[in-house]
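Would you mind keeping the following structure in view while I ask a few things?
Note that the chains take the letters A, B, C and D in the order they are written out, and that residue 1 is the start of every chain.
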Amino acid sequence: MPLKIQTPLILVNFKTYLEATGRKAVELAKTAERVSRETQVSICVAPQFTDIAAVAEEVEIPVFAQHIDPIEPGSHTGYVLADAVKEVGAVGTLINHSERQLRLSDIDAAIKIARGKGLVSVVCANNQSISAAVAALKPDMVAVEPPELIGTGVSVSKAQPEVVTATVRLVRKVNPTVTILCGAGISNGEDVAAALKLGTQGVLVASAVVKAKDPYRVLLEFAEKAKTNI
Amino acid sequence: MPLKIQTPLILVNFKTYLEATGRKAVELAKTAERVSRETQVSICVAPQFTDIAAVAEEVEIPVFAQHIDPIEPGSHTGYVLADAVKEVGAVGTLINHSERQLRLSDIDAAIKIARGKGLVSVVCANNQSISAAVAALKPDMVAVEPPELIGTGVSVSKAQPEVVTATVRLVRKVNPTVTILCGAGISNGEDVAAALKLGTQGVLVASAVVKAKDPYRVLLEFAEKAKTNI
Amino acid sequence: MPLKIQTPLILVNFKTYLEATGRKAVELAKTAERVSRETQVSICVAPQFTDIAAVAEEVEIPVFAQHIDPIEPGSHTGYVLADAVKEVGAVGTLINHSERQLRLSDIDAAIKIARGKGLVSVVCANNQSISAAVAALKPDMVAVEPPELIGTGVSVSKAQPEVVTATVRLVRKVNPTVTILCGAGISNGEDVAAALKLGTQGVLVASAVVKAKDPYRVLLEFAEKAKTNI
Amino acid sequence: MPLKIQTPLILVNFKTYLEATGRKAVELAKTAERVSRETQVSICVAPQFTDIAAVAEEVEIPVFAQHIDPIEPGSHTGYVLADAVKEVGAVGTLINHSERQLRLSDIDAAIKIARGKGLVSVVCANNQSISAAVAALKPDMVAVEPPELIGTGVSVSKAQPEVVTATVRLVRKVNPTVTILCGAGISNGEDVAAALKLGTQGVLVASAVVKAKDPYRVLLEFAEKAKTNI
């Protein structure tokens, strides 16, 4: 029986890292599945489009696309169709990752298409006001990336708590029910613990897991910290 | 043993048609493979990213991506990595399809990346001057789409021959060795015959095959006409 | 003394219509100024970038840019700098017009730059959820364009009132103080009256004025209806 | 009588530098005009859109836009119309500057629109293959930017001659009559001399002039070196 998406949630973005491409994507997804089974913490993976099918075939943890285009079936050569990612086994999708930013109307359209197809939408937002705007579009989840934590090397557990709590408060005001993930500043278990204590319900991580020497060990630490800090 | 890419060539673009998504992509690819075996004419298919793996697993005809992004492995969430499409079995890629047009420098970069990875590059160009410009970038193939034939309902066999021959001449002047496909105006076998007679070495088709009631019959007609009009 | 921006507001977008390019942009702006003086209703104009200087030189009504790029001074060849539009006399700018849509993070950045330079920001939003999202970014004004009114020929005065009031309500919930303009469905004076009655504080118009045989007469009707329907 | 565009040509791109915005754009253009008159070398300026009118009003040297959009008059809010830049006095335009890159089909369309309106088109190309591709589109001029010279601090006079001559040769092969400018690596008079000796017919410069303490002195040196190295 496939494992469910539930909070606290760890969502691992494979990006276009070679360490998580092709057969290595399947291997990493299996590691994530193993940790998820052992800890009973929900871990999801977001491999590249080309790897979704094999990953979804091989593991029972939830698989996400990294992006969908705001299109319906038809003449859209080279674009990513929600129906197609769903048919090969994805149950959700990232939208508007900071590396794949979309026009506002396309974010809105992609969320609506995801909703229509039964795909869980996780929309990324890289500052406070954008987080609030995104929350107004009613996605299933918002992954907030406080600018103080993006690419600065500052981790959540070391940052001023206000950096995260202010964003959480703003998002909650606009949308009381959306699930909030912390999408930046997660390097170790302490950061996962801090992110949850500060009001988010999970984390969106990438290199900390994918580039780790021992992804199993890192994910295990993340999951255990998540379990004890809900 | 996998079938080779050779001219005359029929390249079938699956676009994001539901009729060629998921399991239906595999079915259609099998039909193309059957015709290719029966006629010994080279037929290639370009399914959606998510379907490349399954299609390449199930058939021995060459499989193309519909697009690659001009990126190297790394932090490029939601983009299409050449290494990834190659690892799941693609041997080539469309670039700059009229529905997925790129900046000039990105076309150039994508061609170079494809070359570096050993992927066959088929660059689309939707008028004469653009065809010449694209030829200067030295891709493996150029798919020319004379504007008189795009979405006008006019087919190659009915159009003034000059519509195609003028483009072929211009492309040849800039790049004597590039393979030229006719990328518009192909509805039936007569059009395939006309395209080859006018100097192209193959056709890029989509709806005429994908949306056909009997894709087998259509492809068979295309392949037979291709065989007798080299 | 320059005329002020105040509600009810009529904002005339000159687009790239030849009828409002170059000397004709100045003429149309003078017509708008004349109506504004005669009726004491605030009328603003948004000419093309190249015409802002001449228009701002010749009239005392407020002049808007049609777009600014989210950039600071520097190496941004071909982009539109807030400082530059301000120096030639613009006092505000449209952002994210449905014909010039931006990435969410660029809308956010453009609003912040406009605020920093003292330019009034009018952000366009072409449906309910986008209007709410935009309101969360705290621009000075939101121009809402209910999809039922865009390019359908249905005008505000003929549409179900709910089409406009639902959007106004949603925007107000997220941002109680933002000025709301009705940005679609305004063809005649009745539509201006309806838009104001339904809770907006002004209108964003284009072809109804620019393409009119007698823009003076049309603007006069708009202004008089605006005056009596606050 | 307005000064003509002739080779050797010095084209000064004002970018969005504050040192060349608004009144300062006019001042800098006057300095360029003074040097052009004194040396009889053709110097052109490319100010921001908002400053074209004032610059063209105040000087008689040729004025270029930094970009035009591939649009015809109509509903294109926030875009740059060729007719509009022409009406305020521009006689040419940059297209596809490395900071404002366009899709291939948009470069092609912009060149055709420029030609149709009688605007001189200067298309930028940031490596050899792109330079050849651009030359195939038949613009009036190509500004080549060898990657070895962009942002590396290496200037033309110090680089291997082959860096420039190889590109010139390739462009000439595709288009024997296009005017070729050297668009990178120009810091001082020696570089201007080297660029012309290596087969280009002029230079496209920006910061070396705009950011100079004494733009008059720098431009004078450039012009004198240009004069003696045709």
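What to note about this one:
We adopt the following convention: a contact is a pair of C-beta atoms (placed from the backbone, for glycine too) under 8 Å apart; a residue touches a chain by one contact, two chains touch by 3 or more.
Here the structure is a predicted model, which means the values were calculated and not measured.
Seen from the Cα centre of chain B, the chain whose own Cα centre is farthest off is C. Averaged C-alpha coordinates put the centre of chain A at 35 Å from the centre of chain B. One simple way to say how far apart two chains are is to compare their mean CA positions; for chain B and chain C this gives 45 Å. The set of chain A residues that touch two or more partner chains comprises 98. Viewed as a network of touching protein chains, the structure reduces to one closed ring of chains, two contacts apiece. Pairs of chains meeting the touch criterion: A-B, A-C, B-D, C-D. Remark: chain B residues 13, 15-18, 21-23, 48-54, 66-67, 71, 73-81, 83-85, 87-88, 94, 97-100, 206-207 touch chain A in the complex.
The touching residues of chain D, when paired with chain B in their complex, are 96, 98, 101-105, 107-108, 125-127, 129-130, 132-138, 174.
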